[in-house]
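First the structure, then my questions, so here it is.
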Amino acid sequence: MSLVFRTPISIRFAHCDPAGIVFYPRYFELINGVVEDWCAQDLAMSFHEMHMVQGIGLPTVHIETDFVKTSVMGDELLAELRVIKLGRASATVEIRMLGQDQDLRLTARLVLVMAQVQERKAIALPSALREQMRKYLVS
Amino acid sequence: MSLVFRTPISIRFAHCDPAGIVFYPRYFELINGVVEDWCAQDLAMSFHEMHMVQGIGLPTVHIETDFVKTSVMGDELLAELRVIKLGRASATVEIRMLGQDQDLRLTARLVLVMAQVQERKAIALPSALREQMRKYLVS
Amino acid sequence: MSLVFRTPISIRFAHCDPAGIVFYPRYFELINGVVEDWCAQDLAMSFHEMHMVQGIGLPTVHIETDFVKTSVMGDELLAELRVIKLGRASATVEIRMLGQDQDLRLTARLVLVMAQVQERKAIALPSALREQMRKYLVS
Amino acid sequence: MSLVFRTPISIRFAHCDPAGIVFYPRYFELINGVVEDWCAQDLAMSFHEMHMVQGIGLPTVHIETDFVKTSVMGDELLAELRVIKLGRASATVEIRMLGQDQDLRLTARLVLVMAQVQERKAIALPSALREQMRKYLVS
């Protein structure tokens, strides 16, 4: 049975555009935050640890997103993260954001690659991190 | 012979993350700016005209992006926009960003939908706008 | 005895610049979020209620900020908000952000003005809101 | 006769909030961009050169801003930068943004400090940079 990482997201004034809805680039800041929270809270490998201690990072090399329904300021969303595919150096994750009635707001699929920051080259996922990620792999 | 909309993009300090490269959500602000410039400069329909005069907008309902190569502050990129598909109420555009050696930094495909802002429903593209967009349709 | 509004702030990867510290414009997004949370949580007047129901807003017309000490990703800060001055249509608030050792990271003073959004003119603070704000007025 | 650095600024959709006006934290991104352009274009010391070659930076330690008049998407502003005070390790600059009728939108005063990035300590302004800055010092 695979795990799902869930975290709440508050839609703020700062996220919204002149049409009163979330400006889509802000969704990607929120999506990045979901990955960040997952790493820190559930994978025992914070971005701080990666970047400032180990000199590694988890850049996004591909992302595709369907914006299914608009969100407005004050909305309280729930984000869900699942692992779709786990490679040697990469992980494909799916993130969904849901409204208060469980209505789907967006679905995003991201390919994350473990990288050595200074040399900007892909490296294998640290095995402890990879084992943690595997728990979220959809079977 | 179809047209290509081209516009320069300067990578700023504000776009870059602790790894020294563009933080990917910032690319989407830049991508939105490319669409905005295209509309204002070549399609005779600025976002100001859409939102503040006509009460319409061009939200992005789907986007998929490959981040091919990283960019750093000070990079001077060239963005190119082509129309891939033109529907009654929507346009699918492809945006590429190139470095100074014509090296590909990213490719994004966006589905833009013409919408009535207040009621948040799709409407047909105004015919004058659609005719302008058709000039950029890849044959 | 005056109240102090306190709320936690997590410094994210998205807030940090190539020097690895918070990029100062991001602090202003966080500062705006502190005011937003104060209004929603303690003043019974969310930004959603203001903007989308009542057609009013609370724009910042003046702000001065001392960035006392840098913050890095992963820092868990505490924000404190106090009211310094309360006018008929405006409130001057002071926001401090503290690190985990109660070390001061920044101090900001903002003048917020109650405004009618469409006509962009100042109006008196609604009396119920003003009475709530008064509880935070430093004596 | 002191110089003034001037650069145009386009107010974009991305800068505007649900009230249809510039969200003030975005002004600080634009203000930072004015300093960035000044350094690169007129002071012969780009942020890229500072951060990625010399390991130095020019963080803002104090800023105070008056938002005099709102700006909306599509506005074409002119930014002006003057040096108010020049210290050994710091420069105080004033930035104004003007609308198309020369109407003042905002005034900001920033204290910039030359710093060694890794060790996060202030250092003297490089003398060549300081001499360039002096040309913009209001007499």
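A, B, C and D are the chain letters, set down in written order, and residue numbers restart from 1 in every chain.
Just so it is clear, a residue touches a chain if its C-beta (ideal position, glycine included) is under 8 Å from a C-beta of that chain, and two chains touch if they have at least 3 such contacts.
Everything numeric here is computed off the predicted structure, so don't read it as measured data.
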Enumerate, in label order, the chains that touch chain A and chain B alike. C, D
For the copies chain A and chain D, the interface residues, called same if over half of the numbers are used by both and different if under half, are same
Of all chains, the one whose CA centroid lies most distant from that of chain D is A
With respect to inter-chain C-beta contacts, which pair, A-C or B-C, contains the greater number? A-C
From the mean C-alpha coordinate of chain A to that of chain C, what's the distance rounded to whole Å? 28
At what distance in angstrom does the C-alpha mean of chain C lie from that of chain B? 34
Multi-partner residues of chain A (at least 2 other chains): 13-14, 18, 20, 23, 25, 29, 32, 51-52, 73
Chain D residues within the chain A interface of the complex: 13-14, 16-18, 20, 23, 25, 73
Contacting residues of chain C [partner chain A, same complex]: 12-14, 20, 29, 32-33, 36, 40, 46-48, 51-52, 72-74
Any idea which chain B residues touch chain A in the complex? 18-19, 21, 23-26, 28-29, 31-32, 51-52, 57, 59-67, 70, 117, 120
